[in-house]
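Note that chain A is present in both complexes that follow, paired respectively with chain B and with chain C.
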Partner chain A sequence: MELPTRKAMKLSVIRHWFVSAVAVVALAGPMAGCSRNEATFNRNEAYVKNQERLTKETFSAERKADLDEVLSGLFGTPDRPIVPALGDIDVASVMDATKLHFAAGPVGRDERGRARGLYREHCAHCHGVTGDGGGPTALFLNPYPRDYRRGTFKFKSTPRQSKPTHEDLKRILIEGIPDTAMPSFRALPDNEIDALIHYVRYLSIRGESERSLVQYALFELEPADEEANIEEERLFDLTSGNRSDRAAELREYVGAIVQKWLGAEAEATAVAPPSWLANGAELSHEREVELLKHGRDLFYGKVAACVKCHGDSAIGDGQTTDYDDWAKELEPTVPGALDEYLALGRFVFPPRNVRPRNLRMGHYRGGRKPVDIYWRIFNGIDGTPMPALSEVLKQEGEEKIGVTHDDIWALVYYVRSLPYESISQPVAVEAAYQRERQ
Partner chain B sequence: MSDKLSKNELSPWPHRFAVSLVCATFPLIWVGGLVTTYDAGMAVPDWPSTYGYNLFLYPWQTWLFGPWDLFIEHGHRLLGALVGLITIGFVWSVWRHDSRRWMRGASLAVLGLVLLQGGLGGARVLMDQRQLAMIHGCVGPAFFGFGVALAVMTSNLWRAGITKPQTTPEMAGKLKRLSLTTLILIYVQLVLGAQVRHIPVTASPGTFRILVFFHLLMAIIVTVHIAQVYRSILRIYGSAPALRLPGYALGGLICIQISLGVQTWVVKYGWPAFLTESDFAAGHTINASSLSQSLTVTAHVAVGSLILAFAVMLYTRAARLFRTETTALGSGALMIGLAT
Partner chain C sequence: MTSKRTCCVSALCGLALMLCGCPRQTAERLSVDADTIDTVRKVLEAGVASSGAAEVALAEPTGWATVTGKFTLSGTAPANPTLTIDKDTAVCRAGGTENRVVVIGPGNGIQNVLIYVSSKVPNDNPAWIHESYEKVRTAEVTFDQKNCVFLSRVGVMWAPQTMMVKNSDSVGHNTKLDSTFGAKSENFTVPANSPGIAYLPGGASTRGPFPVSCSIHPWMIASMMVCENPYFAVTAEDGSFTIENVPAGVELEFRVWHEKPSFIRDEVSVNGSPTKWKRGAFKHKSEDGDTLTLNVVMDAAVFN
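This part shows the complex of A and B:
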């Protein structure tokens, strides 16, 4: 019999140990998960840290407990969401209790056979139970899943700083976001999409309220003063006499956020067609080439300065080291700061640079219709460096630096022609683009 | 125990039952996979009844034409019940026709396993515990593999024996060991896969990342092992048809499985970011709950079980063909192998 060599023996021992180790990990893993049953909302530690660094104060453990208490009083838990009572504000049209019940909780059906847990079924493995973008799959995805708690959304018809309309959110859920992990949910029935939209708003409002309360505690409440032997003023104090005053004050903060959502519907940017298409006019080929030239001049010009970020040949290689607003909160450019944030634990992710879009691909995350591109250029992309040209809007013939409504349309035309423009021979409207428009 | 089995013992019934058991379990694994894919595990909140009805008396119109999640969950229960009944038939036929004591024991063990599996499924519903769903998902393939082993052990090949392939004892021992290691690795890989799939939404991204890493690492290790098995069967045991079939099946299925794995990732999470500059990735939108998504993901689960089944087939057949005379029927070693 052939004796095994020493090397082969060693290898087989290593293999044996490896197999055993993996088997143990694989079989013990599920047991470890068994204990955690009830889903809970995560606290926004990164924002607390951010505000602590800003104010140079500390947010004590008691305050954190208070914060959790107040939030669960106002909003309930992931299994039992509550719609905060806000007097005469029409909360229900932003977050409706029945719809929240439909979307919240564990996946399944209730005793009456009605579906439940839509959010955990379809969204939470990316966006996290809290809506903090910290679902289990998050680290693999680029861009990271959206953290709703800032209340910032990218692809919408409303100006920067405004909330998206119901229609905007619906469009995202139905179309998905190409080139990102955000799926299209067109397979879901309308009432489920509707419930999910209400739940996204609920999580977003809850998250934004949390941020408001953190600020409130740091800016409005008395800090502890050891020398004067003054105890810290509590956010939520069962013993103090003015509890109902405090509660009313906190509700005002939440109310202000809900009002912003209520206002969104009226804020959508109405888009009139360009002057050359008014009254059903046709666009001649010569005029179109002219417009594309104009669009190109704007793209490379001083005012719109798209070239600064999107690059000399519009492939998205201009400004590539910037961050979006979510990442900026972790102060990635301040030496040493980032480590403090990352030390906060499992739900704070290393920031990544936001890349301007490669406009020669012809794929748009926020929709490819001309009006979608118009909204992106006019309103910018909220939460990202992509600026809004509405800031420099001027009227036709007005003598100041800026762009007109028609200029923006020329940019839209130009952007949409970029995939067909040859880099060496700019602004020749090529056959493909012609065909596509027909 | 002697190899010469009496006429009575050569009844085809145990084998027939075992084969039907395997044939009914494979679709059961598919439907079970769909239950998880569509997150339909809680579509029926009670158990063993369905909305208060006896399992078999639930109005079929509501089942067939009601909501999709209810359709697959109730269908999964019905198929599971069928497999349970076949198992009972198997036990009956073994006790009646097969005098091998260990075989009788094995038949009771498989009955125990099917009861455990049904109970786990029920507990998953009653306690609404996703972790139990995961364990339920791991016992499924184990049961499937056990069924395959029983089918081999009740077959003619096992009982009448087939001429041994010409090899040295070392070679035979090597193949036996290699196929057993492969079998264990495949099972561990299935468990890892189940954990990736059943990751609780409350788990941290770091945990998920570790699981995915191990699942990929294990995919490589399993592939290397199957390649070794394949090579040795191709080279040495080409003359042994009993080993050729499972060996080739493993080789083919592992290729399919790897491509299904890649596809599963892409249909769920999209192309990796470094491909953003390519046209197909930039234009790709994930389509949640689309048919292609759920079929791909479920196929990845089912093919995993199928690979395990062929590995069991290979190992049991090899163990039988290269039985060392000293270890009576090799059944002890076999049982240990299967229990792992």
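This part shows the complex of A and C:
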């Protein structure tokens, strides 16, 4: 074997270093290049499609670009969130800039060593950077993670369409949601939970503003008219003269959404204890048996009609073909419509039927405390088919059909007893209320 | 040698990666550069301190007019879809299996066409609201269901009114009002034979009706319009409608809507002349005591 000459060895070393250098540069290049891309929000294409179908108009590419600009100007980016300036409205108590900074951006520490990127660390893999419920794991979960952009929250102390209180959101973060993939974040310190709540509100307000502006453009702005050679009215035009009028109008739409969040605390439903527990009274066993029977009568009766959806055995099989309000926006029951939505890309998931809760399991998504169940029955569950069973006060001399405060409490008692009630001897249901099996 | 091969392989991989490049910005992701964000932000924030735009002085109405007319169909309306009624059949089958989207009455009249004033009308100004509407303001509107059919396919009310959601069936219903504009959303449990649960919309919009449904009986659907002003009508069985005491002397915008085509934008014939309404809207200024008669003929193709 011939030994390599000194020159050849030198050449080989040079070649080796050259190849290595190319390897390093080639590998480092794409890594550095890609990671330098800032995180971005997804546009709500499904809602644009939904409103296009509703209004039979087109949301043009220019309008989409306008929408992106306006939203970025109002709310910034996932790495650099902005709190929109809305004049007199106390935006900071809903979304505080310092707290948003704490929760936003890539995971890491800031210059003072405080944790940053809490949302991406704990939430984004399911709920998505945009808060659209479209994180990488979302498609594999059932139920799908919540899309905040509708501004609808299910488990809260406030009525339908009202926003949840700070305490409501905190409860979900601390307790998690049993029977779903939503875990408890009890281990996080209070200030981090607080920052996340502000950030979730920020994402929700941003998402709801986006929807509001899409609707505004399609309903209020002049459409293009080719016959009359009229161009469509821009949603926002940096080059136009009277921008300040439009800016004021846009701020008004966002302001209306922030106001709803500001009003939430005052809208919480205060729940008084049932009359039989008034003044520290204790419930006797006999009375409890009576109450459970009363609750069961209501459950199967014609006034509360719980049996209609929760089923003859309360296992949640009474109504299994309905959808929640998020899924309904994809028009799953309109022939041909769903394909149009699903074609929009990977952030639109095939809708699933909403299942009434199986009350035999003892899993209560919004919390297992009696008051939690009271709120679910009294206010209904926002965004779902679960209706509100508002109390009707029985007035003297006038027979009103409805339930009283105590009736709702009796239902709460009965619902909480269901996991322990024998299922093998179903309660006889009166004929009008029997579910037909076909 | 091994390290050399490794290097070569990494170099090749790296080059391949470089060629593939970074993931492309897909259309659904929005990317706006920092300078634009800054400019837009400044524009949006400009004038925040000043208290809104100056009030534009509106022309005051000079009297009252009547808007009346009739919607008729030319041609044959498409057949309505059939409903599957599979719950509470003893009560619900009596409601029929026709999904009454398009209802054609005597004389080819088109029922359930909604016509309303979509201009901004000051709701508390007696110059704009005729005194005959003061009784209407406090009147209750009824929204009833019988045999699992909403008795008003197109419900309409004025924002300050209260609507009683009734149930004339011997089975329980729930009435889900899904408002996305102005008015409140509700989802009431409406007990069997309930004399009514009060719906207070607390807001209104000119953007058209929203859907009403029953989650227990999913085939039950209707539409509900909460108007900002009392100037609205839904056509009767024969397609006729009348709105009385509409402000005169000012130009008002009207909108025409039907469940199937939504806002009427296809060509229709109004009093004999072909007309195209942009998003179902037209403008009209009446003089005091005038009667505007609209005889609208719509081609069956509008409902396809």
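In this section, the second predicted complex is superposed on the first by the 379 of 438 C-alpha atoms of A that agree within 3 Å, B and C clash if a C-alpha of one lies under 4 Å from a C-alpha of the other, contacts with A are read in each partner's own complex, and residues count from 1 in each chain.
Criterion: a residue touches a chain if its C-beta (ideal position, glycine included) is under 8 Å from a C-beta of that chain, and two chains touch if they have at least 3 such contacts.
Everything quoted here is computed from the prediction, not taken from an experiment.
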Practice prompt. Would you check which partner chain A:G128 touches, where first means chain B only, second means chain C only, and both and neither mean what they say?
Written response: first
Practice prompt. Give one of first, second, both or neither to describe whether A:M361 is in contact with chain B, with chain C, with both, or with none.
Written response: first
Worksheet item: Taking the superposition as given, does A:T137 touch the first partner, chain B, the second, chain C, both, or neither?
Response: first
Practice prompt. Would you sort A:S275 into first (chain B), second (chain C), both or neither based on which partner it touches?
Written response: neither
Discussion item. A:F347 in the overlay: touching chain B, chain C, both, or neither? Say first, second, both or neither.
Written reply: both
Worksheet item: Which of the two partners, first being chain B and second being chain C, lies in contact with A:S284: first, second, both, or neither?
Response: neither
Worksheet entry | Partner, of chain C and chain B, that touches more residues belonging to chain A | C
Worksheet item: Does the superposition put A:T320 against chain B (first), chain C (second), both, or neither?
Response: neither
Worksheet item: On chain A, what residues does chain B touch that chain C touches as well?
Response: 19, 22-23, 25-27, 29-30, 33-34, 37, 40, 347
Worksheet item: Can you name the residues of chain C that touch chain A in the complex?
Response: 3-4, 7-8, 10-11, 13-15, 17-18, 20-23, 25-26, 28-32, 36-37, 39-41, 43-49, 51-53, 86-91, 170-172, 174-176, 178, 180-181, 184-189, 191-195, 197, 207, 215-216, 218, 262-263, 265, 278-279
Response to the item:
In the complex, chain A touches chain B at residues 1-2, 15, 19, 22-23, 25-27, 29-30, 33-34, 36-37, 39-40, 106-111, 113, 115, 117, 120-122, 124-125, 128-129, 134-142, 175-188, 346-347, 349, 358, 361, 363
Practice prompt. Enumerate the contact residues on chain A facing chain C in the complex.
Written response: 16, 19-20, 22-30, 33-34, 37, 40-43, 45, 54-57, 68-74, 76-77, 82, 84-87, 160-161, 215, 219, 223, 225, 236, 238, 243-245, 247-248, 250-251, 302-305, 308-309, 319, 321-322, 325, 344-345, 347, 380, 385-390, 392, 400-402, 432-433, 435-436, 438
Discussion item. Show me the residue ranges of chain B that touch chain A in the complex, using the header's touch definition.
Written reply: 39, 41-45, 51, 67, 69-70, 128-129, 131, 134-135, 138, 170, 181, 184-185, 188, 191-192, 195, 199-209, 211-212, 214, 218, 269-270, 272-273, 276-277, 279, 281-290
